[in-house]
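Going in written order, the chains are labelled A, B, C and D, and every chain counts its residues from 1.
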Amino acid sequence: MSTYPTSLGTSSADEIRLLGQDLTADLMGEVGFGELAFWLVAMRRPTPSEVRVFEAVLVALADHGFTPTAIAARLTYLSAPDSLQGALAAGLLGGGSRFLGVTEDCGAFLDAVVTDLGDDLPTTDEQWDAVALDAVRRTKEAGRFVPGLGHPVHKQGDPRTPVLVRIAEEEGLRGPHLRLFEAVGRVHEQVLGKRLPLNGAGVCGAALADLGLPVELLRGFALLARAAGLLGQLAEERRRPIGMDVYLSVDRHAEYVDPQS
Amino acid sequence: MSTYPTSLGTSSADEIRLLGQDLTADLMGEVGFGELAFWLVAMRRPTPSEVRVFEAVLVALADHGFTPTAIAARLTYLSAPDSLQGALAAGLLGGGSRFLGVTEDCGAFLDAVVTDLGDDLPTTDEQWDAVALDAVRRTKEAGRFVPGLGHPVHKQGDPRTPVLVRIAEEEGLRGPHLRLFEAVGRVHEQVLGKRLPLNGAGVCGAALADLGLPVELLRGFALLARAAGLLGQLAEERRRPIGMDVYLSVDRHAEYVDPQS
Amino acid sequence: MSTYPTSLGTSSADEIRLLGQDLTADLMGEVGFGELAFWLVAMRRPTPSEVRVFEAVLVALADHGFTPTAIAARLTYLSAPDSLQGALAAGLLGGGSRFLGVTEDCGAFLDAVVTDLGDDLPTTDEQWDAVALDAVRRTKEAGRFVPGLGHPVHKQGDPRTPVLVRIAEEEGLRGPHLRLFEAVGRVHEQVLGKRLPLNGAGVCGAALADLGLPVELLRGFALLARAAGLLGQLAEERRRPIGMDVYLSVDRHAEYVDPQS
Amino acid sequence: MSTYPTSLGTSSADEIRLLGQDLTADLMGEVGFGELAFWLVAMRRPTPSEVRVFEAVLVALADHGFTPTAIAARLTYLSAPDSLQGALAAGLLGGGSRFLGVTEDCGAFLDAVVTDLGDDLPTTDEQWDAVALDAVRRTKEAGRFVPGLGHPVHKQGDPRTPVLVRIAEEEGLRGPHLRLFEAVGRVHEQVLGKRLPLNGAGVCGAALADLGLPVELLRGFALLARAAGLLGQLAEERRRPIGMDVYLSVDRHAEYVDPQS
């Protein structure tokens, strides 16, 4: 009979262990929740600087108001108020390519470029600009979008972007992914012919990648952040519901159209 | 045309607001993630003491190893690795009455008793014991279980319980729900005829209720904590997968039985 | 090493078996899909009459237009078009107590009464009326609602109810659950003081219970029916999307309110 | 105020319409469930021959025993027995790229080739072989897998494949997608250097594409079929549970490993 290896939670009759620590002696009351979430994925305890940047990202991504996912969660809660987990899950299921995937796509895009550079990282903005220009050009030639550019509302600049760069700088964590992302912001107009803002989802991906978190799982942190936001949405739906009004506003304006038309 | 009221996220072209705050100026880098999660539900910023107790609860509930929900999430990831959100959602959907609902059930049970007491709260352990004895008796007479009692592994005592009580005491937050829960621990044997441990899920519910969080949503905090744990499980499934082995261990030992048998 | 018993699917290198049958020789092309769904739960092949009633129920429950669950599925698809399974799952998660649970609740309510009658079943409408009157009275005295009564739109009568009763009658399957449900329709006004229609979800629960399907799983058939309806909704969302309009109609009419107000 | 167009369900106080039909007069008791599911997506009523092929596909895909998705659904039901919809949704969430996506991938692969042929379709097996040879070659050169080839258990041939081809032939629906798929089965060895079986998921995709169903939604039919299978799994989990044994077999064989090791 084989065993199932894990470095996460295990327990015996008188002890609960997590990440190789004694849960009650070493972790409860000693580490923050964001700190633990980082640790659970990265398999190392983050420094206080890393925690500050990481939690700034989670705070930035937690809630964006009446997004499709927030509305879906509220409508699901309206239909099935007996199952809070179902409403939360329904909201998270919208965390796919379009509205929540930018964080991961941007982190992965930047990381591929940075990884290609190997140990020979640029040191000046001019050098980063050259790297960014090449990356944006190749992306455009391949017929793909550069992730992290553009925002439907914040057309003149996403206010989260400079703030997260500043926080990372304060903590000594403005690394190659953020440097490259900033360079993309400076040079993309030369290639794409228009100036787009560096969006908040993108800068969060860059900052998470600079923290050394696995780029294939960056979407997971956006989902964790969103779980907190969705809880807030569902708590508000209990206090001041809108789900029934949304439903009726759609249902009452339904109009039958002949499928052949 | 009616409007949709919200106290959560709203944004204009140059500002993102959340909870009435400027997201970038007031929240990012200024509040922790657990702190924000509390705020999003309670509609008030918690004190540092409240944050410490709250995060201790989230840390306690984040991961319990190979629970059914963790296995379900890993198997879903095995089948659909293209959809991290689906695997996370599948894991959370197990957050129902049986394995994750104790936190909410216990908080609600204690809160009903505490609410009945009105302003006339006991001050001594003896007084709490009398309240607890009455509550346990009435619960048993109604044919219901007292939530928060018993644990399949930690039969001699759940190590999380005294630690969370101690942390709450340190922060001046050992309130009526925890006091009552402790009293239940002292007196239930008189009614039930056997001594059961106060379990960790239960004490977490008591502590959350003492923080003034809405008891109908306590399951939501267990789900948020579990979201972090599930991310850790899925990150580990990428690094050191077990899903295929679990699947094969079941499939290869399937045995057809005649349904009439 | 223990084995895992099952009466469903098993396979060897050259054969696939399902329900004790050879999938390719006995089932594919030989049984209908609804027929198989019935068999998978009931562990017996339904008669053609049973299939007709069963499929009439599934057809009745498949789609109700822009329900909260249909809108949730469409919004999830808008956010994550890469994951059809996520959008479908999100839609099904609304299949809880409020909008889709009536079928199960009504079936369970009727079944409890019928089971209490034992072998001594009424034979005339008058006798059923007496049983129904007693059941409605006891339900009201217990402070509970009689499930299956009332409809927000079809206030003068749900058109599905008489049609399903007629189909069951045609097939010789108008059994005690349907008879009792009809009696509830005749007598409830005496107890409740107002006349309510017997709704479609309720009559479906009665018909499924008369087919001998387990009442604890009736919600499952409503979910199966809804899965087909949600596929239709998602196919239409691809052809003629409304999700973005729904989202914007909510988001653009968001209004911040002070949480203290 | 704009309206929301739909060709699916609409209702007034005394009528329920679906697909432009009167639900109660035209559909209930008159159309089968599989027939309706086809109609809901294709926006046209299928012929009896089309229904037979379509339902044969659904029957073929409904249940494959203890798949990862079936186990995930059972474990979710173990944790949250109060929410059948959550267990069903958890099972469907595994319907992604790896275990359930082959149907869609194969249909899309074949459809791209068939579409390129335009009106100039082959008529003999030799002509189809030439088309297939070219398609397999280009796929291999692009470094991609040919979907629908190979099976972990049915290495000498998947029994579903010839049966579904035969049923389609009987109904006059063995169209270009099935013809091409069969040709792939004959020629792939020349390119890939090994003989692989045409698997059941693949032939189902080919048959659905020949029915004119949208290839981007073929996964949806696999999910619908699986919904019925999962209901069967959950009904069996109630009658003869295995979830707890699966959970314990994993949990009791957990072994802590140092993450650095």
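Throughout what follows, contacts are C-beta pairs under 8 Å (C-beta built on N, C-alpha and C of every residue); 3 or more make two chains touch, one makes a residue touch a chain.
Since the model is a prediction, treat every value here as computed from it, not as a measurement.
Student: Shortest hop count from chain A to chain C along touching chains?
Tutor: Contact-graph shortest path, chain A to chain C, evaluates to 1.
Student: Counting shared numbers against all numbers at the contact of chain B and chain D, is it over half, same, or under half, different?
Tutor: Same, since most residue numbers here occur in both copies.
Student: Approximately how many whole Å separate the CA-defined centres of chain A and chain B?
Tutor: Their C-alpha centroids are separated by 24 Å.
Student: With chain centres defined as C-alpha means, what is the inter-centre distance between chain B and chain D in Å?
Tutor: 38
Student: If you average the CA atoms of chain A and of chain D, how many Å lie between those two points?
Tutor: Each chain's C-alpha centroid was found; their separation is 32 Å.
Student: Multi-chain contacts in chain C: which residues touch at least two other chains?
Tutor: 1-2, 4-7, 10, 65-66, 80, 82-83, 85-86, 89-90, 93-96, 100, 240, 242, 246, 250, 254, 257
Student: Answer with line, ring, star, complete or other to describe the graph linking chains that touch.
Tutor: complete
Student: Can you tell me which positions in chain D touch chain C when the two form their complex?
Tutor: These residues of chain D touch chain C: 2, 4-16, 18, 23-25, 27-29, 31-34, 36-37, 40-41, 52, 55-56, 58-60, 62-66, 83-86, 88-90, 92-96, 100, 153-157, 159-160, 163-164, 167, 170, 200, 214, 216-217, 219-221, 223-225, 227-229, 231-236, 238, 240, 242, 245-246.
Student: Considering the complex alone, what residue numbers of chain C touch chain B?
Tutor: 1-7, 10, 17, 19-20, 43-44, 80, 82-83, 85-86, 89, 93, 250, 253-260
Student: Note which residues of chain A are touching chain C in the complex, please.
Tutor: 1, 65-69, 71-73, 75-76, 78-83, 86-87, 89-90, 93-101, 240, 242-243, 246-247, 249-251, 254, 257
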